[in-house]
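Going by the order they are written in, the chains are A, B, C and D; count residues from 1 in each one.
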Amino acid sequence: MNKKIISGFAIAASAALTFGVVASTPASAKVKEITIAYQGPITGDSAQTGADEVNAAKYALKKYNDSNPAVKINLVIIDDQGAGSVALTVAPGAAANKKILAIVGPAFSGATISSLPYYKAARLPMISPSATNVTLTDKKSVNYGYPVFHRVPSTDAFQGPSLAKWAVQNQKSPKVYIVDDKTPYATGLAAYTKKALAAGVWVGSDSTPDDTKDFAATISKVKSTGTNVVIYTGYYSQAAVLINQLRADGYKGDFASGDGTLGSGFLEGAGKNAEGVLLVAPTVPLSVGNPAMEADYVKVMGAASGEYTTETISIVNIYIAAVKSGVTTRSGMLNFINGYKGETVAGTKLSFDRNGDNNGAAAITGFIVKGGKIVPIEVVK
Amino acid sequence: MINLRDKGAEFWERSNRPVRVLTVFAIMAVVAALPYAGNTFLQTPVAAFDAVLVYPMGMFILMALGLNVVVGKSGMLDLGYVAFFAVGAYTMAILGTRTGLNTWEIMPIGIAAAMFAGVLLAIPTLRLRGDYLAIVTLGFGEIVRVSALNSEAIGGALGIAGVPFPPGLGFEYQLLDQKYFFWTILVMILLVIWVIRRLTVRRPGRAWESIRQDEDAAELMGVSTYKYKIWAFVFGAAIGGGAGVFYASRSMVIAPDNFTLNTSILILACVVFGGMGNIWGVIVGAAILGYLPDRFRFLSDARLLLFGLVLVVFMNLRPEGILPRKKREKAIVKKGSGA
Amino acid sequence: MAKTILNLKDLTIKFGGVTALNSVNLELKEGEILALIGPNGAGKTTVFNLITGVYKPTSGNVFLGDVAIDGKKRHHITKLGIARTFQNIRLFGDMTTLENVITGTDVRNKVGLIGSILGTPRSRREEKASTAKAYEILKFIGIDEYADRLAKNLPYGVQRRLEIARALGTEPKILLLDEPAAGFNPQEKVELAAIIKKIRDAGYTILLIEHDMSLIMGISDRVVVLDFGQKIADDLPSVVQNDPQVIAAYLGVPEDAS
Amino acid sequence: MFDALIDQFWSLTFSGIALGFIYVLIAMGYTMVYGVLRMINFANSEIFMVGAFATVMVSKYVFELSNDAIPPSNVKLFLVILCCIVASMLASALLAFLVELVAYRHLRNRTTNRIAPLISAIGIGIVISEIVRILTGARTQFSPNIVPKKTLATFQGAEIRLDSTLTIVAGLILFIILDRFIKYSRLGKGIRAVSMDEDSAKLMGVNLNRVISLTFILGGLMTGAAGFFYVNVYENVKFNMGFSLGLAAFTAAVIGGIGNIRGAFFGGISLGLVEIYASAVIGTQWKPVTVFIILILILLFKPNGIFGEAVQRTRV
């Protein structure tokens, strides 16, 4: 943790909060520094997602700041523990802190929903690398994030049908059993996946909360239904535990999952059981989408990139572009984002529609694990 | 170590009425001015100080006061207190989004619902002894949370969003400046303190106190222990429910993960940390434990570690809490006139 | 002859396989001091526990007046007019002396939670009356100078007397005293005897468990002797004192030798 | 609804018993400490977690096993198992000893308040799990495959696997050793004396502090062994893994009658089975609800657990 950033922020924040009277930085003044924030889980059960995304953001900013730009960009880290309850405490602070021009995140949909009222009121723009819940960009939903919310990945509404299609590719008469982990992300994706399956294909569902250790009950249902495709819509670590137990109990069918499972963590956990696993994701890992950058990333950060690195770097790049174009206010940032047309670091198109969804994000890639690597095969339409 | 409680009590007894009134008003003024103290050393990094004052601090104080009636006053170990908070919050969220009722109209309904949940839990379980009660209440808390999580009709894992704000009472509640919320919760806290003080010096307070100290002896002295234990439980539940209603309305969004066992344990820690059975101690304990994690948010990674250390070290230094239970030799009832 | 106020009929209780009391009959007359004596483990405190509802009898009944009270809840029995003290002192240590007695008087109060919160006239009236009554009782027992002290900090003798005061607070018809003189020196015992007589003279009926023979002989109207859960004597103190069966029980002589 | 239960009954039963034995061993940590102190050791779940991590560390870094390598066999397998289980037991026992020293000992002599040590134990639990998180990271760590998941036999269509069998057999042996130890050894008798009546045990010359330390250490040894078996069957560890397992094990101890080690045995096995049967019938997401409703029902009819407490608190 960078102490300078933190103490600098503390001073800035105290200044900003003085009797709520805050003068936004006059556009004419010489701005030497711009602050953006990352919001996601830094502590708590899901801290790994936050660590991966923070590292990606740090990587992108380090590249930028090392190039000696006229205006440097600071990163403030807001830990919401991936939980709505904590987001409720930190979001008002971020909203009130006028130094923060934009947010990378929040990482999770639940925390996003809790934060939204504050960011809407403060018109603080946000672009999430990983919040894929459909309601966030659904005009009819109370969770609608307009005008401040944007996201790079496509929603579960796109991912679900692709997952349904990709999962059954090996089976002539597929029998699909769907398992979710009771998180907002997984239940949403499971529902869209189930909806997209052809009639008679779905044979059952179970929800295994993410602290489940023993999947024997789920496995018994998989076996007794004669399932030949298991779809797990949760995150990679539990996915690895589940597939290991399935294989140990002699399950021979296919295993498929969504973007929560995409990443080296799954391969590490599932080992040889991962072989042949079918994955879809609205993104590609940095190592696949941009191997050159991944190599540089490893050199700079000292470790391989993690989840949602492609998205996070791309988001920071939007903010960098905005700063380069002279943006110094939140409203300026919001206009810039809405008018932005560019590419992700993986080379896909990146621009936002009115609801905050990524116009270029609809493409869902299908992957198969081969030889201990997650290999992208094709776009699943 | 200095006994702060006795020092305070001594001061109180020495003072005459005007001084007392003045003291109360001075303290109230300082507390009420807290939302303006955001730029002082109190400043919480990342989180906004005025928001921290409302949640966790204000909410924790309110809930700790309620739990204190159960744990501190009556001696029943309740590890599932968050269940009542959740019942209140869900009542607010469901009625607030589906009917035209506003927060103040839902408040009594939410409190009643929490009290009903309290009775439901109390009747079969209060015959159990201390530690069994702990695990059963813990289980109840989990049952409530998991049931909410698994019920898509009330939002499932996503919870309920768009819970209406409380309507203003001559002022408008604001999202980005939470001082009105703080003042409202301050009024709620004062109300609860007033009620608890009344109960403490009267028959119910004596009944609870006797149950805590020696349940068998209390019953043989004619205290209807079962009835008073249920009352303690239901009274605590009512406060938790009221806090929940306000929390849901202020947060606008609630989800099952706001109501985990951790919250129950944290509230219990507030009660014990401050001094079980002493409302002033409980308030101080809850304020500190609500505030510290946000104050030390800049420690980021080591924040929870520090929190754990504080609990261990402090409990070892002051096992009876910051402001321990009454130790001085003075009846809290008025001296008899007919003596 | 005064009328019978408490009547124990064929009272039997078994714990596991052990019969702690075997078909004990006992009548308590209004206004008397009845001493219950017997060697350790004879079942004296068990009798108290049966009367106050701590245990349910395996068979037999306890009548208060004409009402069978066995099986009733303990606090209900207290309300019906039976109060007790404990052999091992069980005061509410964190309460003051006065509060201990007021807690006893609360059994006669009617105000509930809501009334207490609202501070209804009845609530205020009852609180005031209870406090006054508690003070009176403390004075009556002679420990009113300790009214504001925490019970746990009281001298031993005062704690014993406070136990009696707290029981009197419940306005009982019958007062059960479980070894009230335990640990007292001769002087204190004399004082206690005076207090017990004073209580009886104030209209209470007293059932007393005690080991000290001189105390018993001095104050009791009648003595019942228990041995191994059986009643072996029930007569005037002077008669019981010379009963060979009683002497045998106390000296540990086998029964067939008596 | 009951299809899976009927169809896969023996397979479920077998898994349930293996899980049950893990609960039994963790429950020992709760029930023994409760027996002597009348206090819930809330840090026991973290003691378990550290035990599980010890196995992963030893297998990964001492024996350099990995997920993809072929699992060891014969002599080496035996050596690996032995070293892992000993490491786990020792690590947990040491930690349990420290927990008692830091969180309980001082407080025990200073206050009659029974909730203060509880909070202190919760505090130390937070400290332990946070240290582990900071050291190992927040993500799930996967363990190398130690005991091959070989099918030994099939019974009514259920596969009886080596790893679960090892858990059941070794768990049973450990339990019997503990049971005998408490019953017949001098130290064990000291533990029983203290759990019956602390004061008279003191009068009889039992060194209270030593007995309490020993109880924590014994509980830690059992809990640590559970850590090994857990890793052996489920092959993953995480800094917060202790919470849900600890809660289940504690529930098991209560079902059997807390303070009673045979009760905990019964409670653990039945909880393992009930959890898995209930999950198969009404869905895994309802598991905590089922478990706690059963617990409440049991306590309603048997307020001291099915087997009763080892020692009843004396009344009046």
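To be clear about the criterion, a contact is a pair of C-beta atoms (placed from the backbone, for glycine too) under 8 Å apart; a residue touches a chain by one contact, two chains touch by 3 or more.
Small disclaimer: the values here were computed from a predicted structure and weren't measured.
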Everything but subunit A, grouped by touching, gives one piece
Taking mean C-alpha coords per chain and comparing to the overall C-alpha mean, nearest is chain B
Farthest chain from subunit B by C-alpha centroid distance is chain C
Rounded to the nearest Å, the gap separating the Cα centres of subunit A and subunit D is 37
Taking each chain's centre as the mean of its CA atoms, subunit B sits from subunit C at a distance in Å of 41
Between subunit B and subunit D, the Cα-mean centres are separated in Å by 33
Subunit B residues touching 2+ other chains are 149-150, 216, 220, 301, 304
Touching at least 2 other chains, the residues of subunit A are 43, 182, 207, 209
Subunit C touches at least 2 other chains through residues 54, 86
As the complex stands, subunit A meets subunit B at residues 1, 6-7, 9-10, 13-15, 17-20, 42-43, 76-79, 83-85, 88-90, 92-97, 109-110, 113-114, 116-118, 121-122, 133, 135, 141-143, 182-184, 187-188, 207, 209
Counting only contacts in the complex, subunit B reaches subunit A at residues 36, 38-40, 43-52, 55-56, 97, 149-150, 156-159, 161-162, 175-178, 251-255, 257-258, 294, 297-298, 300-301, 303-304
The residues of subunit C that touch subunit B in their complex are 52, 54, 73-75, 78-79, 83-84, 86, 90-96, 98-99, 102-104, 106-107, 109, 111-113, 116-117, 119, 123, 126-129, 131-136, 139, 144, 147-150, 153, 166-167, 169-170
Subunit D contacts subunit A in the complex at 3-5, 7-8, 11-12, 15-16, 19, 67-68, 133, 137-140, 142, 145, 149, 151, 159, 161, 230, 234-236, 238, 240-241, 243-245, 275-280, 283-285
Touching subunit B in the complex, subunit D uses residues 34, 38, 40, 102-103, 106-107, 110-111, 113-120, 122-127, 130-131, 134, 247, 250-251, 254, 258, 283, 285-286, 288-289, 291-293, 295-296, 299-300, 303-304, 313, 315-316
